[in-house]
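Shared between the two complexes below is chain A, which has chain B as its partner in the first and chain C in the second.
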Partner chain A sequence: MASMGSLTPGRQVEGRVNKIIQVLKASVFLTSRLFFADPQWLIPNIIAPFIFTMVAFFLFQGQTSGSAFLLYLVLGSGLMGMWGTTIYASANSIGFDRWNGTMESTLAAPVPLSWIALGRVLFNTLQGVLNAVFILVIGLVWFRVGFGLVNPPAFFLASVVTFISLSSFGLLMTTLLLLSRKGGFITNSMEIPVYIATGTMFPVILLPVVYLPFAFMLAPTWGIEAIRLAALPGYVGLPTTYWEDMVVMVLETFAYLGLAFFLFKRVEAYAKRMGTLEEY
Partner chain B sequence: MQVLQTSREAATQKAAISVQGLTREYVTRNFFGGVSRTTMALSGIDFQVGYGELFGLIGPNGAGKTTTIKILTTLLTPTGGDAKILGLDVRKDLYEIRRRIGIVFGGERGLYNRVSAFDNLRYFSDLYGVDPAVARKRIPELLSVVGLTDRAQEKVEKYSRGMKQRLHIAKALVHDPELIFLDEPTIGLDPGGARDIRNMVRELKAQGKTILLTTHYMFEAEELCQRIAVISKGKIVALDTPSELKNMVRDISVIELRTYGATMEYVEALRRLPNVVRVVADLDSEQQSIRVQTPLGADLLPMVAAALPAGAKMIDRTIKEPTLEDAYLRLVEE
Partner chain C sequence: MKSTEGRGLSADSRLLMAWRVFRGAFFFGRKGLIIWDSWDMWVMQIVITPIAQIGFFAFLSIYLKYPTSVTQFIVIGNALQSMSFSAVFAVANITSQDKWQGTLPSTMVTPANRVALFVGRAWFQVLLSALIAAAGLLYAGGIFGVSFAEANFVGIAVVVLLTSAAMISFGLLISAVGLYMRTALIVANIFLFVTLLLSGVNFPVSELPGWLQPVAWVIPLTYGTEAVRMAISGASLQSLLPVLGWEALDGLLVLVVGFALFSGFESLSRKTGRFEEY
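And now, the complex of A and B:
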């Protein structure tokens, strides 16, 4: 077997990329198998979003000013579902290994733990997307919400980038779980504040000024704005354009990813020094 | 001094595992971050394992076996000393070491129970960067070697303990490692399952793999290992071949008793007899098994019989040569 050192730089990069893809695929595949092996997946992905959407619709029934508002509501509920699934499942993906006794086996693999975690977070976020799609379908079919998007390609692009930004935020959250089992408490407690701060149910501009810096640091805030601008006619939110929202979201996503990979390295080394990696 | 250092370096290069002055300290901190307790899990241990050797590491619970394995498999950072695996540094060359070693964890740890054996092996082969074409051929082969071909698509949670342990071995071999760590591989298995695992270990040895085995079962260590290190309270208290370790207790014989109705009082009475070095008893079963180590041999038998309380019965008594377990007990209790 040729060692990496004897290959040209181009082949080395190619080999590394192939390896990352192989690990990501394996991680996504295993996470999906584990997910579907447990019938409880129906609760967060089908039952909870259904109840969520029903409550939101009945709350605002009679106060709506047309189909655009309902679509606003559906998009907000969908993004809440996406965020809820991402934060819960990502925080627990490493916790699951601790609980299941597979932490040592996972750590013993010759790849950075961040690659494995990224695969898991990607699947978990994708699961959140399915959750959001389900909410959308309820809105379209049950409540007959019109799905007349202002700019479908822009909506699609904003949705994809929001998906990536949520994944990167989930990855960042996962590092907390590596440090200690108590990290789960922090990630779980972030669910509701982030719902509010990212403006899923009402425009972020309505928040008290002191909360705005926190809201602006969250990439999904910009994602939700971009999605609404691309979907809703005459939407008034933050005083930014679609592309400004997108640029800020992309920059923040890169910042999350950079910070997550840096923290993974540091936290893994720290946990190995302290001997806390397998503690549950 | 120069010569000594050079010869030590040469020996290190020849060894598959080389451990020098390895230390690991655990610090427990209180709520305010101050040090509340410091535990020395390893106090400067040294040993080397040659290529193709089957080396045993035995010791009581908390002696430092697992800490040693964790450090050697790069899962834990040592606080002092050096350890090299296949000539690579456990602190610096993590991924290269991990690529070339396999780890078999004992008990229920280390497998994804909700998916099949095949999925477990496929996942780990991908993590280890095994070429998918190679994996497609190797995974069925390994499942056949460990006798799981017929159950390969079943969820692991339906497996018996022995089947899980065989799957553990297949998992450790999925990337064809040069060196294998077996951490109590037969723990909790029935005699048949444990025998299957021991046969697999022999097979691996025959294939030229270097193996480091930890076990609580002395007969297993004696049966499989070429050399054994006995670790106690974070220190290596003996390191030799099984026969040489047994020679350390050649000065004693062992009286093996099987009794009915014997209690702890009888064991204490035996301990008080003159020239009794050690008494090890298993009183949990209906019939009790008691081993008395003594330099007197058969001469002690009348006193042993006389100490038996009324109502208790001696079913059997035999004089035996000391085993590795007798040597081990002396070493860890000293």
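And now, the complex of A and C:
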């Protein structure tokens, strides 16, 4: 049977990897459609980081000049945008299934929930880059400051790994919030503290010592350090090298991923057994 | 069948009815808020968000090696601005929440005075916003080292209460927009964050481009941040009066514009049947 009424079944693919890729593609596609259909994502993705960065623009203008400060802000705003989507959209991605009444259909799909969530998280993190592009355009056109990189390949590598680390953190958050009814509280409370803890607009070395362990547990903290070392001439932040930052970030990212997939399996099974996923 | 209740009543009776609606709406708003906002939302609004927001901009100032006076300027501005979530965001979403809960049509068919009804529902937020701003100023002194040695505390209290009330007007104006739009969420968020940029919270309004400065002075918070800094420096209530007068006038004008918008959107929504759209 080629179709069931107006529904066309998905293309059958063989092999585990191909199946995962198909799930990821479908999840990314659906998330992108929801993004354009419901523009409230503009708030954490673009509006909040954009305004924070514009305030920083005015403050920086009084103290610094040249291309380095624009780049510093673009990098910081990009990270804030990605954080915003990671915290709000990714962490709550299963919560939205509850509100929209699509939880059963999602759970009934013959694929692990973690891969569906990963597709959503990847698209959400990518949206955050939009904010950096906005800030870059405003900086170049309105404030007329230049733009240059110290080491473009190293910058590119660090950006990609930071992107992956944020997506992994988003996946971990999704798992942690899967059983919680306090998603709104947790995500709203985390937004600005993680901007601070990861040094989006200033090096974390400025933070009080008690705050540093929290900052160091977040892989993007190392990511933004590596990105700045690769991009900004004479950048002084943590007393670490580019490669040290990269190694710590990769290790923490693996830890996030391992923990997220482990928890997903446990939590999904537990929630199905208890029948509590719809509760909110 | 058209309702004729309220017609032919004397001005005194209409005023009494409006007062009863206002009082009822105030208690309903307070009760609703306490039921719907669990303890964690209160912790978020009163503790976490103000400290984090003040800290973010204070650290930015320290990183940029601004003198302590500039950092304190930023800390005080953000302490007062932290009320916006409650004063603007929560109030702006009143009509949207009615839509989500399916109570908007029932609310709109009542013959109650609209100003009394919606201002009454928002009024509890004045007290909550003032509490949040007071907590913000407490953190400014206790955590971020702002000196209150010469402060005029009566002046600060007046500024905080007036700014809360004036900002509620803005929340109601956005709520009016939410009556016709599917949701006021995005407009409310934009306004919430824009105050960080335009209201003299983090840098003086004079540093904004010329064309943006008049916009800044439309927002009541701009007068509030100026007045609260004056009060902390020890300015007397008398010297605060001109700024407070402008702020009160601004808040009143915004309320009038908001009411006009509300009436317009109510009429438009009735014609197009968009009350329940969200």
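Keep in mind that, in the parts below, the second predicted complex is superposed on the first by the 250 of 280 C-alpha atoms of A that agree within 3 Å, B and C clash if a C-alpha of one lies under 4 Å from a C-alpha of the other, contacts with A are read in each partner's own complex, and residues count from 1 in each chain.
Definition applied: a contact is a pair of C-beta atoms (placed from the backbone, for glycine too) under 8 Å apart; a residue touches a chain by one contact, two chains touch by 3 or more.
None of the values given here were measured: they were computed from a predicted structure.
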Quiz item: Which partner does A:109 reach: the first (chain B), the second (chain C), both, or neither?
Solution: first
Self-check item: chain B versus chain C as contact partner of A:56, first or second or both or neither
Solution: second
Quiz item: In the superposed arrangement, does A:188 touch chain B (first), chain C (second), both or neither?
Solution: second
Practice problem: With the two complexes superposed on chain A, say which partner A:100 touches: chain B (first), chain C (second), both, or neither. | Solution: first
Quiz item: What residues on chain A touch chain B, complex-wise?
Solution: 19, 22-23, 25-26, 29-30, 33-34, 37-38, 100-102, 104-111, 116, 269, 272-275, 277
Quiz item: Which of the residues in chain A end up touching chain C in this complex?
Solution: 39-40, 42-43, 47-48, 51-52, 54-56, 58-60, 62-64, 182, 184-185, 188-189, 191-193, 195-196, 201-203, 206-207
Quiz item: chain A touches which residues of chain C in the complex?
Solution: 38, 40-41, 43-44, 48-49, 52-53, 55-57, 59-66, 183, 185-186, 189-190, 193-194, 196-197, 202-203, 207-208
Exercise. Write out the stretch or stretches of chain B touching chain A in their complex.
Key: 26-27, 70, 73-77, 94-99, 103, 105, 108-115, 119, 122-124, 126-129, 132, 155, 171
